[in-house]
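Please see the structure below; I have some questions.
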Amino acid sequence: MKIKIINPNTTWSMTEKIGACARMVAATTTEIIAVSPSMGPVSIESHYDEAMCVPGLLEEIRAGEACGVDGYVIACFGDPGLYAAREIARGPVIGIAEAAMHTASFVGASFSVVTTLSRTCGMAWHLAERYGMQRFCRNVRACDLNVLDLERKDSNALRVITEECRRALIQDKADCIVLGCAGMTDLCREISRDIDAPVIDGVGAAVRTVEGIVQLGLRTSKRGEWAYPPSKEYTGMLQGFSR
Amino acid sequence: MKIKIINPNTTWSMTEKIGACARMVAATTTEIIAVSPSMGPVSIESHYDEAMCVPGLLEEIRAGEACGVDGYVIACFGDPGLYAAREIARGPVIGIAEAAMHTASFVGASFSVVTTLSRTCGMAWHLAERYGMQRFCRNVRACDLNVLDLERKDSNALRVITEECRRALIQDKADCIVLGCAGMTDLCREISRDIDAPVIDGVGAAVRTVEGIVQLGLRTSKRGEWAYPPSKEYTGMLQGFSR
Amino acid sequence: MKIKIINPNTTWSMTEKIGACARMVAATTTEIIAVSPSMGPVSIESHYDEAMCVPGLLEEIRAGEACGVDGYVIACFGDPGLYAAREIARGPVIGIAEAAMHTASFVGASFSVVTTLSRTCGMAWHLAERYGMQRFCRNVRACDLNVLDLERKDSNALRVITEECRRALIQDKADCIVLGCAGMTDLCREISRDIDAPVIDGVGAAVRTVEGIVQLGLRTSKRGEWAYPPSKEYTGMLQGFSR
Amino acid sequence: MKIKIINPNTTWSMTEKIGACARMVAATTTEIIAVSPSMGPVSIESHYDEAMCVPGLLEEIRAGEACGVDGYVIACFGDPGLYAAREIARGPVIGIAEAAMHTASFVGASFSVVTTLSRTCGMAWHLAERYGMQRFCRNVRACDLNVLDLERKDSNALRVITEECRRALIQDKADCIVLGCAGMTDLCREISRDIDAPVIDGVGAAVRTVEGIVQLGLRTSKRGEWAYPPSKEYTGMLQGFSR
Amino acid sequence: MKIKIINPNTTWSMTEKIGACARMVAATTTEIIAVSPSMGPVSIESHYDEAMCVPGLLEEIRAGEACGVDGYVIACFGDPGLYAAREIARGPVIGIAEAAMHTASFVGASFSVVTTLSRTCGMAWHLAERYGMQRFCRNVRACDLNVLDLERKDSNALRVITEECRRALIQDKADCIVLGCAGMTDLCREISRDIDAPVIDGVGAAVRTVEGIVQLGLRTSKRGEWAYPPSKEYTGMLQGFSR
Amino acid sequence: MKIKIINPNTTWSMTEKIGACARMVAATTTEIIAVSPSMGPVSIESHYDEAMCVPGLLEEIRAGEACGVDGYVIACFGDPGLYAAREIARGPVIGIAEAAMHTASFVGASFSVVTTLSRTCGMAWHLAERYGMQRFCRNVRACDLNVLDLERKDSNALRVITEECRRALIQDKADCIVLGCAGMTDLCREISRDIDAPVIDGVGAAVRTVEGIVQLGLRTSKRGEWAYPPSKEYTGMLQGFSR
């Protein structure tokens, strides 16, 4: 099975980390392809960044379709472009926020999200609502870290995040924690051990979810909202996106 | 007051129609600038189209900011890129679905949306939820017209839409109708007369909403979710979108 | 265009203040008529007051209909008698809570209401729910001021309200503020300047909303819940309200 | 125990019917006082009627407080003035829509409301939401009868209502029926027998609910939203309502 | 009228206390039968306990049906087995959480629940949702008492619970209190006096609710979800439960 | 990895079918143990049946814990005893309704459930709400088949179910179908082929979900609602369930 993980920002060090973590949880028969798009923001920390990462992301989906990819993971906690991607993909496309929240609801009666910047908390709440996970989400907490702080060797990110997770358990009475950034994927097990509670990393959760769906013989339904989009002429710089 | 209306598809005949209708309801002191982006789809009929119209749309917002625009209207019923646009604009940015639904809730205890393709009904429901208007929305009905059918002189669009509106009044017991496509803006008054019920066109509603907000001295709050986005390097084809 | 603003309490100093503030935001072509009813409470601070202000308010709507008023504003944050007023009016009737909350949702991703007495907080929450604005409302905060404190020259109302607004921004992480009493209308701009965030006054917001709806050629739908009420005999002291 | 039932319209034949039906279900130790107000509409079929019946209704509550009434029933399916009445009463005040819907949720997993005019359906839905009963309410159905048709000896009301109830069971898959008008109180048992399903009359349900609350030693909480209203001067025709 | 109260745990001292309190609020014509099942947990403090108390509880319902019981109360705040009990009973079956929450919504605009162990708070929230009472429920607070602490003469339960109730009034701004355990039934009046607010004990509330329903001539609807269950063979230790 | 699937009814032919289907989708390294409890109903078609299958089900969980099972599937569409099972299990416990609904939300924007008896539709809706999946669930449809009809060789179950699925696609505009009974597990692929849409069988979905969670190193959180239950004495026939 071939799973393509798209880190929709263009910071390849993060992409490689994501790929490595994905391979650690994937089945031995699964091939993990981790990429960043050819264009877009170096990190995603606003609605603006999120909107602008989507063309590159969709380009990668199109490329994946052309070479037999079975399913996709969108490795940014805002799940940008998820429904557009589903329209143009045959197999499943799973966002890491989506996968993490669903998985959290299986192992705890409630969860809190611990993310980077407070300006993105509203987006996480919106996703929780959209996926039906709002009822399990006790809180969305920001660490006031930049996404790229997670890539710096000397950053205090692990300590700051772990402390915020601990506060979530106590103050929110959350049963478990959802990590709110793809860049935290490598910290998951260590934090879980430290705080002695389940910590869910969306990258791993999404890989396993895609594997499961493909193995069940299921694909994205092409009957309604996610049917292939109508053929359409695109103009200007985006002409290449015509279908 | 200067209001810029961005039709996020690249079909200029529609853009001109939108501009003309906007001028008919705007205050005499309001200058209406109606544009299409330099890039993107000729019509918006899928999540894919919607995602891909956003870069061009945001380019227009940026251009507007550079030349003193007071407020913006996004003239596509999916309200694409609304929150990203709010982040980079100083004045208000209003989507036509948003404006139409809110306005409908002022003149009727319930409304139904009449739109083009059935595949977009889910998007309209999602917007209704996001804006808190779901409780007033009795139904979202598709006419199975393509967006560009509305631009063809010989199309039966007016008749088909009017009939669907009539069915909405009777079958849904809706008090009024929301037109679900910017391209229907010129049909609003005629349909209203025919079916003898309020029919709300989002283009007009959005223009008046922007005017009102600007006149009240209000601007987009820069405190939380819609603060200016952090500076960021963009790569590849989208390098020009760096901030 | 003729807009009638009804302050449903009988304190004319407040009515005049409301009229003056309304004129400051209205279009130059709009005539503002601000009145108090001939009967009812001097201020509205309970369900009991709210219920008892309605007959006088509806008397004013009836009088307005008889002399060509285009639209109405109900200038009390409980929006008393809103639906009854809509039944007997041809043009739009807008409550100030309704207008303020909707407007707030356009300029911020969230708002908090700052009102007078804590006993009325539940009513504000109920309105937020009814209008679909609950999802944007972070908190309803009381200053424990009486409504008529806002009319006393020597009161510390401005200071107390400003401080509560500031707390709302910080503690509730609200993007903007909705003022929860018509009597605060003259404080709006000063508070906004002090706290450096959008502050929405319902009186102004409602005037602009009515203007917009009238300008769009829309009127209250007479098809369903807000159709003209059936003719009916009234007895006793209220005989004059027969239709 | 003394329970005062206020039929908020001024049609005394209905009031007497309500009183008689109430006495049939009340405990033998309960004294039922059934009254109509001294002023207001002869029947309640619009928001306008509903608003205008409240002064007379509150006058009756005040009179009841002065002579030792233990609890009150508001016998109109719109539950007009419920919260205002609670503010000025010491004992419980129960609306018949409220009591009927709650009771229905105890004997069936779902209910449908069968009421008089379709223009009032929205009000019933709003009450269902306010009381938390929306989740049990499958439908609100109108028979297009006037309220006063229920007082005419020769009307076909019983047949029409029974048929609508039957349709509700089949089409809505409702487990039981809530009668949506105080004037239907005398039809309850006959309809129930005919359709072989529980039919809930709000008058009876409210009487038993008030009895239960009083017997438990409970009274309306005076801590928050329903505390006694602040003293207030009233002017004009309503001067007598000053507190 | 014969009402059977089933304390689903097997601690008979609690059962007797429950029976005594029930008799204090019941009508003089009501016969109260209070029992514990022949099998199950000595107290109910987990989903596991709750699930395992149900067979014994249903055995008691079956026994009650065989000897003319008119209605039932399930006297555990988790309302275990409520819908199964309704299926096999002809008359009404009311849970004490259900009765208490509904009753609270009649005497206050909001309530808080004060219960024993924090691990059961989620269950109380779930019931509030299921009954439509979530909108009135401000908080669910645990005292970290074991259920059986309420049976010990020397326990400090009364003091601890009263303090938690007081905190609920102040911190949650609750209008009244719901006691979250059948074992607190005898403390209700004393706490109410101490904190000067309505305190609702579910045992009393449920008894009065059952009395009311029976007196109205209503029974559990046998049309839909609560129809008698299909005949079925049971095997093993539970063979006796075949129907 | 060892996964135990508990078919909570005592019909072993169904249990074996479930086990066989589970093995077809499980990873090659997964050992599937499929069992029925030693006691309880031969099929589950009511709240009563559902309640009474739980003791036997929990006995099997306890047995599984004693011999190193990594995770559990509850193979009845009512997900009986799910939270109790989670309390006493170390690894994940997944219900088939839960798994099927979550999975459906990944491959379609909406789903309809097709189940056996109409009396169980309410239960499916309740689960959809509890899991946050209500927003994706268009309808719950019954085929009016008994559960054991699915075990009869000569039954017309496949045809009846397939037709109902087809109606769901057209009438509900559902993007995909959730099969509402464990006994339908072997029909999944054939129906999917026939109706040309994704059909989700909960047994397969749950097996893959458990595998994924275990592989991610996650276990049921023992911090809050699903902590191990307090030790407790059980009496009578259920004495063996003491902990």
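We just call them A, B, C, D, E and F in the order they show up, numbering each chain from 1.
Simple rule for what comes next: a residue touches a chain if its C-beta (ideal position, glycine included) is under 8 Å from a C-beta of that chain, and two chains touch if they have at least 3 such contacts.
Small disclaimer: the values here were computed from a predicted structure and weren't measured.
Taking shared numbers over all numbers used, the subunit B to subunit C interface scores over half, which places it in the same class.
The chain with its Cα centroid farthest from the Cα centroid of subunit D is A.
Using the average of C-alpha coordinates as each chain's centre, F ends up farthest from subunit C. Note: centroid distance subunit D to subunit E, computed from Cα atoms, is 28 Å. Separation between the centroids of subunit B and subunit E, computed from CA atoms only, is 53 Å. A separation of 44 Å divides the Cα centre of subunit B from that of subunit D. The set of subunit A residues that touch two or more partner chains comprises 83, 109-110, 122, 173, 224-226. Partner subunit B is touched in their complex by these residues of subunit C: 25, 27, 83, 92, 94, 98, 102-103, 105-110, 131-136, 169, 173-176, 189, 192, 197-198, 200-201, 204-205, 208-209, 211-213, 215-221, 223-226.
Those residues of subunit D that touch subunit C in the shared complex are 10, 37-43, 45-52, 54-56, 58, 81, 83-84, 86-88, 117, 119, 121-123, 126, 129-130, 146, 224-227, 229-230, 232-239, 241, 243.
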